[in-house]
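Each chain gets a letter, A, B, C and D, in the order it is written, and its residues are counted from 1.
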Amino acid sequence: MGMIGGGTGSFIGDVHRKAASIDGLIELVCGAFSSNSEKSIQSGKNLFLPENRCYESYEEMILKEKELPEDIRMDFVAIVTPNHMHFPPAKFALEHGFHVVCDKPVTLTLDEAIELQKVIEKSNKLFALTHNYTGNAMVKQAKAMVDNGDLGNIRKIQVQYLQGWLSTAVESTDNKQASWRVDPKRSGIGGALGDIGTHAENLVEYITGLKIKELAADLGRFGKGRILDDDGNLLLRMENGAKGTMSISQIALGEENNLAIRVYGEIGSIEWHQENPNELITRWLDKPKQIYTPNGNGLYPESSSVTRIPAGHPEGYLEAFATIYKNFATHLMALKEGRNIEKPDYPTVEDGIRGMKFIYASVESDKNNAAWVKLN
Amino acid sequence: MGMIGGGTGSFIGDVHRKAASIDGLIELVCGAFSSNSEKSIQSGKNLFLPENRCYESYEEMILKEKELPEDIRMDFVAIVTPNHMHFPPAKFALEHGFHVVCDKPVTLTLDEAIELQKVIEKSNKLFALTHNYTGNAMVKQAKAMVDNGDLGNIRKIQVQYLQGWLSTAVESTDNKQASWRVDPKRSGIGGALGDIGTHAENLVEYITGLKIKELAADLGRFGKGRILDDDGNLLLRMENGAKGTMSISQIALGEENNLAIRVYGEIGSIEWHQENPNELITRWLDKPKQIYTPNGNGLYPESSSVTRIPAGHPEGYLEAFATIYKNFATHLMALKEGRNIEKPDYPTVEDGIRGMKFIYASVESDKNNAAWVKLN
Amino acid sequence: MGMIGGGTGSFIGDVHRKAASIDGLIELVCGAFSSNSEKSIQSGKNLFLPENRCYESYEEMILKEKELPEDIRMDFVAIVTPNHMHFPPAKFALEHGFHVVCDKPVTLTLDEAIELQKVIEKSNKLFALTHNYTGNAMVKQAKAMVDNGDLGNIRKIQVQYLQGWLSTAVESTDNKQASWRVDPKRSGIGGALGDIGTHAENLVEYITGLKIKELAADLGRFGKGRILDDDGNLLLRMENGAKGTMSISQIALGEENNLAIRVYGEIGSIEWHQENPNELITRWLDKPKQIYTPNGNGLYPESSSVTRIPAGHPEGYLEAFATIYKNFATHLMALKEGRNIEKPDYPTVEDGIRGMKFIYASVESDKNNAAWVKLN
Amino acid sequence: MGMIGGGTGSFIGDVHRKAASIDGLIELVCGAFSSNSEKSIQSGKNLFLPENRCYESYEEMILKEKELPEDIRMDFVAIVTPNHMHFPPAKFALEHGFHVVCDKPVTLTLDEAIELQKVIEKSNKLFALTHNYTGNAMVKQAKAMVDNGDLGNIRKIQVQYLQGWLSTAVESTDNKQASWRVDPKRSGIGGALGDIGTHAENLVEYITGLKIKELAADLGRFGKGRILDDDGNLLLRMENGAKGTMSISQIALGEENNLAIRVYGEIGSIEWHQENPNELITRWLDKPKQIYTPNGNGLYPESSSVTRIPAGHPEGYLEAFATIYKNFATHLMALKEGRNIEKPDYPTVEDGIRGMKFIYASVESDKNNAAWVKLN
């Protein structure tokens, strides 16, 4: 793996590195960690990389790695830059024969996302989008229960992603995470929408297997001077007639990373909280509430197969993230060995396009006083 | 207290009786428990009432009690009938000089509610509406924290009231609770809206001290053949610019009585769950999360004054309900003794009118594809 | 009901009155609320009792009530005094033909308890001991599950009753609850042992249906100058070979009323927390964890029959307490009507004797450096 | 790092590898993964190790690695074998100049542990014992709070480590984890005592900074034919006069990995649950309960410094485990670079000796009907 972005001090770069390394399948071998070439190289050294694999730019990295022998050169790039720098390196890498893992939202604009899809198809390379929460064992169980009809027809959805870290004007401090997220040039037309809303949208569609047909969005810009949304309240209508709400926020004071979902069907329902990720609450017509746990009793293989340790040994954010990398790596190895994988299990550019449509529809709805906008 | 409705087998009649009796201030002395005169009298006997205080109709009760000596006759009526039978007995009682406690929603129609307000004013009698959840000690603490500015300016609200008992067609069974609730003639134009939505609306306005300015409602009628809503997803805009979502449902399979609220301010936030009513979760800019408990450390007097037992001894649904009765009775006794009460603390017809406006605005919004409708 | 003790300002007297009144079966008709005759009478007036039913002493009350016509006089006395004043009025009431409800621990000494048992037998009157927690619907469910063999043979028990209110020297303040509890003359030889330990002991034996065979107790007296235990750590051995721990404390700083129990069998296990009383956690060999709720799915009739309101409407401390009174009143009414009740469901003097044996065994064990002492 | 034990299919070997790799400081370079030389080599290949670094025995590995150039050879060994195979390879490694990380309990016997201490001293090499739970950020916070006097003098301790996986005779199935744990030859004189009891003991002494002075242990052997304890109930007395209970079990049916601790001081108290590891519950004399979270508000640097991701992003079992490895690696790098580390923060052989004393004292106490036995 070669990394693009994620220099020393970066939050998400470090997360990607840890997630990629947990399962022992992936090794960081090179990187272009910053648009500042000096910082890039220093970051690589801090990570114990040999100096000749610390590159000054992603272009250099891709071109030089391509020249290395196959058993030495990186297999894929991991793109962990702000949103505006997803598409250019992804395209460059794919066109030069490298697979790509990319952070979300997939690109800066919807047009880029659609173009990226074409680039991927043409390249015949793999592309994974790190909607990391779908790697959680309880999310897998929830999806499997829906897929197996355990809940019956879905009627109602509640999803929320609540954070409070933008409650004050942290973008005026030296908080790098905040400064680019409130900047449309680097973030795109969505603020909280892109940063966390896409996770919520992806989780809904992943677990239920249903597309959001249309939405009505009432966005907030509570931080003084903010151009992009830092809060959103949405109504959802799913393709099967189910209805729901989505609440997202980065000004929900005191909330840390409160992503949660409830899905109600005709015969069963599920509830999951990211901050307590090792429980799946299920409710039933005629049985008491049941709490599933990773590697615990009664799980579908889709869930138990992604756990690493016995029941009662909590896995967290990094482990779910790692599952995306593991499944991607497993696909990659199969590819290299000429084996077929029936249904690779990680988010792709299609998820990315859904996410961009979600952002665009929400912004359009908000401009029209929360009128309904279709997602297609 | 004389009761109207609430015959043997009734759910809410029994709740009112238990709630009224807990604090030893109120005694059930008579009743017209059913529109069926035979059933009414048998119900009274089952409650150990003397036969001459078991009446065949509420009119009879009110007229005959009026003739009794003041120290014997009932002081007020408690109306616990289906919605369509709130206004007629309330008006009759008030016009004959009796105070009234009435279940919610206050009336069948908004017009009735407005007329009732006039009747009350003219009668110079007390009127309490049993939005029972506002009697909870943690709800009182939440309100006091907002009132004292502890949360700062409110920015975001999430409220939900989720039940699952109408997930199947229970109205086709002999479930009396269900049959009238799905019938517009007895329930009014709102289904879940009136039954539980008004509680959610009242809780929001009670805790925050803010009025809902406008709302957008997307209602569901998931049960086959249902005319009234059994599910609702709403966007809220408060008078101060705060935004939020409301989710209500009686088809949220497996949910029992999941009323919950989150209020986020600029410097603090609160979270309360009715099913775990003895905790108030608070979050802060620079302190760890704090959990308040009834009669525990750090409460405002508005909260500690409504608890009955030491911290750690859970009070529940009936106790919160009882607080409405207790505060009403305290007001009544003060009135009798010629004392003044500065700020009686129980819901009134004004809350009832807000509730009716909420129902009407929601239904209108829903008819117009969830367009915004103002509440005033 | 006539009350002995429980004057204005008393904690437990008020609890008994509220608990007795909730279900509408019992009416407070008279009382001797204090050993101070003036205070007694004032307390009765505060409770709206007619002056001629406010007595100066329990002896006066019992003798005078006896002279009243049967349909007017009290049916039973409720004794809510400190421990040293349980036996004398109980004996006096029974010998004069009144049934008795008495707070725990049943008496000041074990000898008194054994004598009381004889008095009861001879009197042919009813006697209920208010081990109130056994009235909880989830405790009933736990007991029913054990009785029905759902857990299999019991192997392990953990029980705790943790409070923190004696962490500081509150007995030196004007805290009346504290002053008598740390005084051997009024409390007996057990401090926390009698006050809360007997509840823990009773809960273990009630749920499991097993007797504690022997125990080893290491008591603490952490409060300066305290003669009686304010903390206890115990090992338990049950008659069937099960083992366990008991931890009780009134110096567990910050704990409010944390009574909790876990019972592990060969095929199932249960867990219950008094501070979250509306959940029964169950664990199974091959199923996910299941959470039962009052009036929820899957309950035994022994549990659902003691709930008052629908699932999701929390019942608390007072309601469980009220169940003891309700079952006692039901028994009493059956008796009056000449009906038989197969298995009256409330704690009796036998439970009281077990509690006293528990206290005595614990104190003896502690004196012998936590040596094993049998309970029989 | 070279690994001893932990071949394909092993639970704890895999845990050590993942934990060591998360932070990017440690690389697995070789291993002797099994006493079966063929299996050892195949396991190494499965881990993508070059064949010449897959050794047939730990002796071979240590001797051959020693011959490699310093920048290539392993820096330390990680011993992840059953208990009887801790001491021999540890001693061999240390005497041949390699640092050691070893799983707990440190050795098979107390004598071995004491001898190991001498070997370590003589070798001048580092030795870490993986009491992994002490790596958790909330455990660090708890310890820091005690160290800073926030709780005041400690009075009461409750600790439990409850599992249910030995509820049935799994040792008669092909469960390799079970078979050696119930075998005294491989496990030592303690069963659950060694496997989980030592974790509980270590956690108590780590957080409180107090030594267990003496204990009384009542052990259970509930599984048919088991020689070693599968359950234990203990009384604890700490060196400062605090008292407490410990409950450990592997037959607590349905429990997964329920390690939990409560520590009560004179002015504050803490509670932590391993299965919900991202919360530290604290209670106070005059403040509401406060819940600390990793990287959340109000933490001591000793806690915040061991977190890897922002608040609300759960870290779990592996991350706490990784902190032991990270701190060990940091110490090792400092050593290599000639820097000094003031207070290395990972468990050592001294912790190991305490654990062995705990096992021995417990077994002795149990043999004497739970008599008190000192730990020194």
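Methods note: a contact is a pair of C-beta atoms (placed from the backbone, for glycine too) under 8 Å apart; a residue touches a chain by one contact, two chains touch by 3 or more.
Keep in mind that this is a model prediction, so the values were computed, not measured.
Where touching is counted per the definition, the chains common to chain A and chain B are C, D. Distances between chain centres, each the mean of the C-alpha atoms, put C farthest from chain A.
Of the two chain pairs shown, B-D and C-D, the one joined by more C-beta contacts is C-D.
Taking each chain's centre as the mean of its C-alpha atoms, chain B lies 55 Å from chain D. Averaging Cα coordinates per chain places chain A and chain D 34 Å apart. Annotation: 43 Å between the Cα-based centres of chain C and chain D. Residues of chain B in contact with at least two other chains: 255, 282, 284-285, 289, 293, 296.
Those residues of chain B that touch chain A in the complex are listed here as 155-156, 158, 160, 164, 167-168, 216, 218, 220, 222, 231, 233-237, 243-247, 249, 251-255, 262, 264-269, 282-285, 289, 369-370, 372.
Residues of chain B touching chain D in their complex: 282, 284-293, 296-298. Residue ranges of chain D in contact with chain A, taken from their complex: 11, 14-15, 17-18, 21-24, 28, 47-48, 163, 165, 255-258, 274-278, 293, 296, 308-319.
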